[in-house]
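What follows is a set of structures for review.
You will see two complexes here that share chain A, one where it goes with chain B and one where it goes with chain C.
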Partner chain A sequence: MSAARRNPLVPWLGIAALAAWPLVEPYLPAWMHLGEPLTEVFVYAILGLGLNILTGFTGLLNLGVAAFAAIGAYTYSIATCEIYPFQLGFWPGLAVTAAAGALAGFLLGAPTLRVRGDYLAIVTLGFGEIVKDVLVNLDTITKGTQGINPVPPPSLLGTALEARGQYWLLLAFVVATFAGARALERSRVGRAWISIREDELASRAMGIRPDHAKMLAFAACASLAALSGALLVSRLSSSGEPSNYGFELSIVALCIIIVGGIGSVRGTLLGAVVMVGMNSIVLVRLSEALNSSGADAVQAGEPPAGIGAVWHFLRTWVQNVFLSPTNWKFLLFGLALILMMIFRPQGILPPLAVHEDPPEDEPGAPGAGQGARP
Partner chain B sequence: MSAVPILEVQDVTMRFGGLVANERVSLAVRPGEIFAVIGPNGAGKTTLFNAITGIYEPTEGDVLFEGRPIRREWRNADRLRGLAVGMAGAAAAVLALNASALWDAAINARYVMGEPFGWWGMAGAGREVLGAAGLWLTWFPAAVGFAIGRLGFRAIWNAQRRTPDLVARAGIARTFQNIRLFGEMNLVENVLVGMDQHFRSGFFACLLRTPGFRRERDRMRRRAFELLKFVELADAAAEPARSLPYGHQRRLEIARALATRPRLILLDEPAAGMNPAESADLMRLIRRIRESGTTVVLIEHDMKVVMGISDRIAVLQYGKKIAEGTPEAIRSDPVCIAAYLGTEELG
Partner chain C sequence: MLRAVAAAEQLAILALARADGVPSFAADGTLSTWEVLSQQLVTGLSNGMIIALIAIGYTMVYGIVELINFAHGDLCMLGAFFALTAVGALGMDAWGGAGGTLGLVALLAATAVFCGSLNWTVNRLAYRPLRKASKLSLLVAAIGASFVLVNLGLFWGGMPMEVFSGGNSAAAPKAFPALVEPKPAFTVGDVIVSRPDVLVLCVTLPLMAGLTWLVRFTKLGKAMRAVAQNPTAAALMGIDVERVIGASFFIGGSLGGFAAVVYSIYNQTVGFQMGYRMGMDAFIAAVLGGIGNLPGAVLGGLLIGLVRAMSDGYIEARWTNSVVFGILILILVFRPSGLLGAKLREKV
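Take a look at the complex of A and B:
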């Protein structure tokens, strides 16, 4: 815990390594080409960081964060797609999206200020389903289950970015979001949020206004989630269909912060790497490996050997959906949650206990020794 | 002795269903004094504190702070906010009923891909649609939406005229009988939460860590550290609050309450669980708080503390005030002795 805190070089080395990855990638074997899935990890990391502000810092359980992502995705699609008259560029589109997300956060936050715990979870769950259904049924605006396309890709200074540029852009977004979340966490804003999580009555009695703080948390969470939705859409160049932004996405976001360590900014990043990495790197690679195992032999007309033989047999004769590891996703997410609850309920990287150091010129600052008290 | 009491409790009755926790309790605390409220368990002392600090709304009676009730006033800003919520309600109701038709007429029907779009025609098309929709799809839902928004805003506002945060911001701070620190935060942070109302930097200043934010942060940190020194906890400043020994946690709660810069501080059993040496320290601390210009009201069972530092004492029993006076008067009051003090303790 203190090691990462004391060594400011670690995060910079991490960023540098990630930034250098696309340059190194072409020289690596095909199974190590991670640029594409990593951008997905980045998008989910932004979603997780947003949810972490509301659920991690402020302690308000939100089971409908996908709704905010959906609002962001559709706002961005409508604002930028050529089938609508608005046709904003990438950056103005993102600005509109962030604002729309914040507004959606306000609109959900205001009436639920007095709802807490399980009840808030139910309200947000309902909100998520409502938004999804509205998007399906309001098809004059949203094109219903068709989705909106084509959505313009990310661009910088007027030029559309290709895969590598998108990777760097998303990495920059993640770094900025991370820095922002850390800055808030260690300021009066984050302190107010955390104090509400720890003991709302006590923080009220100390003059914190929970209504303001909660609305701010809702708006910040929704804004970041909307941004992640817009980035997802701009990467896929289509809004996809509304069911992409259903309960499953909310649960994935929640898994990310629970596995990483609820309330922990670093943990959320790690959670995104673990959960999304497992889904779109490990399982995909495993699928590819299993499907190709034995295929050469079969093509050559010989009986496959070893694990290839087993898999070939299953694939030919059993034909179950679970034969493809990519379908194990939710099974593994559930398993991960259960294992975390049993063995490490605080998450892999729990939040740092201390955000604020005493003034450094004073005795009693960390390292000055916990001397004897009078 | 000032004419206006800093805290005046006027005939406060707290009723919870059939249970009467306080019955017509009246107190007048003078500025600069140390006032103790004593009484057997269940006498309604903490309930009285909760009524004073806005956690409960008194069933009957009033609480005046410096001669005035602490109560939100309906200002112009509230009027505007209420109007905005009402308008939002109206807009939501109309849009919910007409969104598809409006979009169709204003955009789908008028936009041909690749051709320039007449932005100004949108308003006209929208008006046409709403005109055609008729009263029952426009003005009626708008009126209902407005009424719900506006009346709902007022109802919520009415229910929050005297919340604990308003009382704290007005200048009354408190500690809790069952310590309510923020256990995961360290000592400095706990105190900084108390100082929150004195911060000026807003959300974006915090997000971007502007120079103004940094200056304020450093200044506030130093002040928080000074408060920790005041309660003699500076050595442990970086430790999480939950790791502190019990007696120190009580002192940290006092520091956090003082961080709000109160003119009146309410201490709920500050000496509970302390050994004699610690409670002697605590008495010194309470005297220093008074010297710094803050009036102190405390609930306490430790008679050595109460008799040692109080200027005046009120005795509660079964929710009623049965006596009030100087420590000497209370000590020799037969009613108090029978109700609470007993004979041996006086020795």
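Take a look at the complex of A and C:
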């Protein structure tokens, strides 16, 4: 099997290196200061691990995972912010958030148990849109586009944590979630999830209750997504505006698990590093570099004539959009999804235990017309 | 005379409402309940016809390859950008009379060919390699294609042209010139039917009739129906399945191109994110009517157009999207085969 399985030291070395990073960072040149983006990677990794339970293990495509993150973010904000009567602390706030997330997962999961395949994906997408709209429109409670602030930062034993402490706390959360996801994968319910993904009819025949297992998957996914939303909010000390939790966030989460390896727990971590790294490290650094070199300064003056006009037209166009790397974000996400589906649908780090005998290449599978037989 | 003034006032309100997307039929007493309702009906039906045209693109592709072509709405967005570029480059908003009409026809045709070819290309590059993959892989690829097209729209919006406001803010919505002026064409009783409303009908009805003829009575249509029913059997009968699939993508895309031009003229703004909304409305319409069913897509489109108009007028515009998505979820949960669809064929 893979190297990670053979050498049990690898994950521990990884954790140790990540934990030591903030101590080493001050001695490194400025361009290597990655503590801030890494903290963001951790938040997205938790979101991805949650989605991986529902979409990776259980095989239910969820295009509205951002809604769960939004529910978490707003539950946490409302439970802890000083402008509301509850004013819980960080840890009680997280507990309430996780519970609210699980409840939201049940609420979406229960009515949609009979909806299958791509239709379920669309239902979850619709759910995401409705949650976002409700958050925008109930502005008396959610403060609309202003967002709720100030939200208390993460704290431990009564003291608020600064950047480095938050880094370690989030790292601990990721490690705990990772270990939890691995344990779940091997547990009774985890094996039930995977068997439902592979063949629901067969697993029903083996005595698994698919409805039961699917509800648990929804709840676990929603709970982790809500937790990631709360952690994001507490780090930024504001809930931000509802449109931060839209379709784009759901797709980022989906990209994370697909790039890493759908159904693979360690792949999800890698996916978070790749996608968030691309978005908040590579693109941001490129932007900064281009800005400081002054390459995207729009030149003024009379447009020239003739062939020069064409040149000027192209030049202005390039300066308008193409030089800002953030304008390439959707293209990167989209290409990542298409290329992964075509060339490596199992992801960079496919799951370890499952797929020892790959289920593809069923002889004579007639493709799209498969469902036509009664 | 007084009537004409009142009508002009109504129309001004209507135009205003369209320009910012929020119908503002204020209860200031100028319009009676019945007039408001019937005017909303006209707007709803016109938008519904446009939605129906886009929905046909979804339903054709789903009927044949069982793919929710997520990129279809964004294809229409690029069609609108193509049309806006052509209008800007040729100065078409200044053309009047017969030249203007001919130009409009040429614009519709060119945009249709553009969108059809683009849809064919997307199918060739992104979907065709996945023909044997699972439905969910195909859906994920379609979402990816949608993101790629959105990004192309963002790039396109930065083009330094007058119509794109110099391309200085690529992401901002652009005004689409009123190629067909929003003047009243005729009135039925108190209800004003504007010239854009007439344009919508003149474009959508012949296209739908033509498509029905194509699917029912031509060799290609017969091949399409055969592939939809059973691609393996169709291939054994000597039908070039890939060619038929490509043709469906081209036809569905070109209908989206027509819809994009009409939509832009009717609503007078375009932006790189409009495809998501257009696509979702049309997809919901296709599902409501029964996905894979052509008359169902038209029925669904009209219903969604009406629901949107009624929700805008009587609930609140900011809740309209939630209402429409709520309908989608209810249909998928309780009647996934839609209003006119056949019984769901999926086994597991």
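By definition in this document, the second predicted complex is superposed on the first by the 326 of 374 C-alpha atoms of A that agree within 3 Å, B and C clash if a C-alpha of one lies under 4 Å from a C-alpha of the other, contacts with A are read in each partner's own complex, and residues count from 1 in each chain.
FYI, a residue touches a chain if its C-beta (ideal position, glycine included) is under 8 Å from a C-beta of that chain, and two chains touch if they have at least 3 such contacts.
Predicted model, so just to flag it, every value in this text is computed and none were measured.
Q: First (chain B), second (chain C), both or neither: which does A:201 touch?
A: both
Q: For A:341, decide between first (touching chain B), second (touching chain C), both and neither.
A: In the superposition, A:341 touches chain C alone.
Q: Which partner does A:29 contact after superposing on A: first (chain B), second (chain C), both, neither?
A: neither
Q: Is A:8 touching the first partner chain B, the second partner chain C, both, or neither of them?
A: neither
Q: With both complexes superposed on chain A, which partner does A:112 reach: first (chain B), second (chain C), both or neither?
A: In the superposition, A:112 touches chain C alone.
Q: On the A-aligned overlay, A:258 touches which partner chain: chain B = first, chain C = second, or both, or neither?
A: In the superposition, A:258 contacts chain C only.
Q: Using the superposition on chain A described above, determine whether A:127 touches chain B (first), chain C (second), both, or neither.
A: A:127: touches chain C, not chain B.
Q: Contacts for A:136 in the overlay, against chain B (first) and chain C (second): which applies, first, second, both or neither?
A: Second partner only, chain C.
Q: After the superposition on A, what does A:192 contact: first (chain B), second (chain C), both or neither?
A: Once the two structures are laid over each other on A, A:192 reaches chain B alone.
Q: Do any residues of chain A touch both chain B and chain C, and if so, which are they?
A: Shared contact residues on chain A: 199, 201, 365-366, 371-374.
Q: Per the contact definition, I'd like the list of chain A residues that touch chain C in the complex.
A: Of all residues in chain A, those touching chain C are 59, 61, 63, 111-112, 114-119, 121-123, 126-127, 129-130, 133-134, 136-137, 199-201, 247, 251, 254, 258, 298, 313, 316-317, 320-322, 327-331, 333-338, 341-342, 345, 365-369, 371-374.
Q: Which positions of chain B touch chain A when the two form their complex?
A: Where chain B meets chain A, its residues are 53, 55, 99-100, 103-104, 107-108, 111, 113-114, 117, 119, 163-165, 167-169, 173-174, 176, 180-186, 188-189, 192-194, 196-197, 199, 201, 203, 206-209, 213, 217-218, 221-222, 225, 228, 232-240, 256-257, 259-260.
Q: Applying the document's contact rule, which stretches of chain A touch chain B when the two form their complex?
A: 82-85, 138, 140-141, 180, 183-184, 187-192, 194-195, 198-199, 201-210, 216, 351, 353-359, 362-366, 370-374
Q: Which residues of chain C touch chain A once you look at their complex with the stated criterion?
A: Chain C residues touching chain A: 65-66, 68, 126, 129-133, 135-141, 143-152, 154-155, 157-160, 167-168, 170, 229-233, 276, 280, 283, 287, 318-319, 321-322, 325-326, 328-329, 332-333, 336, 345-348.
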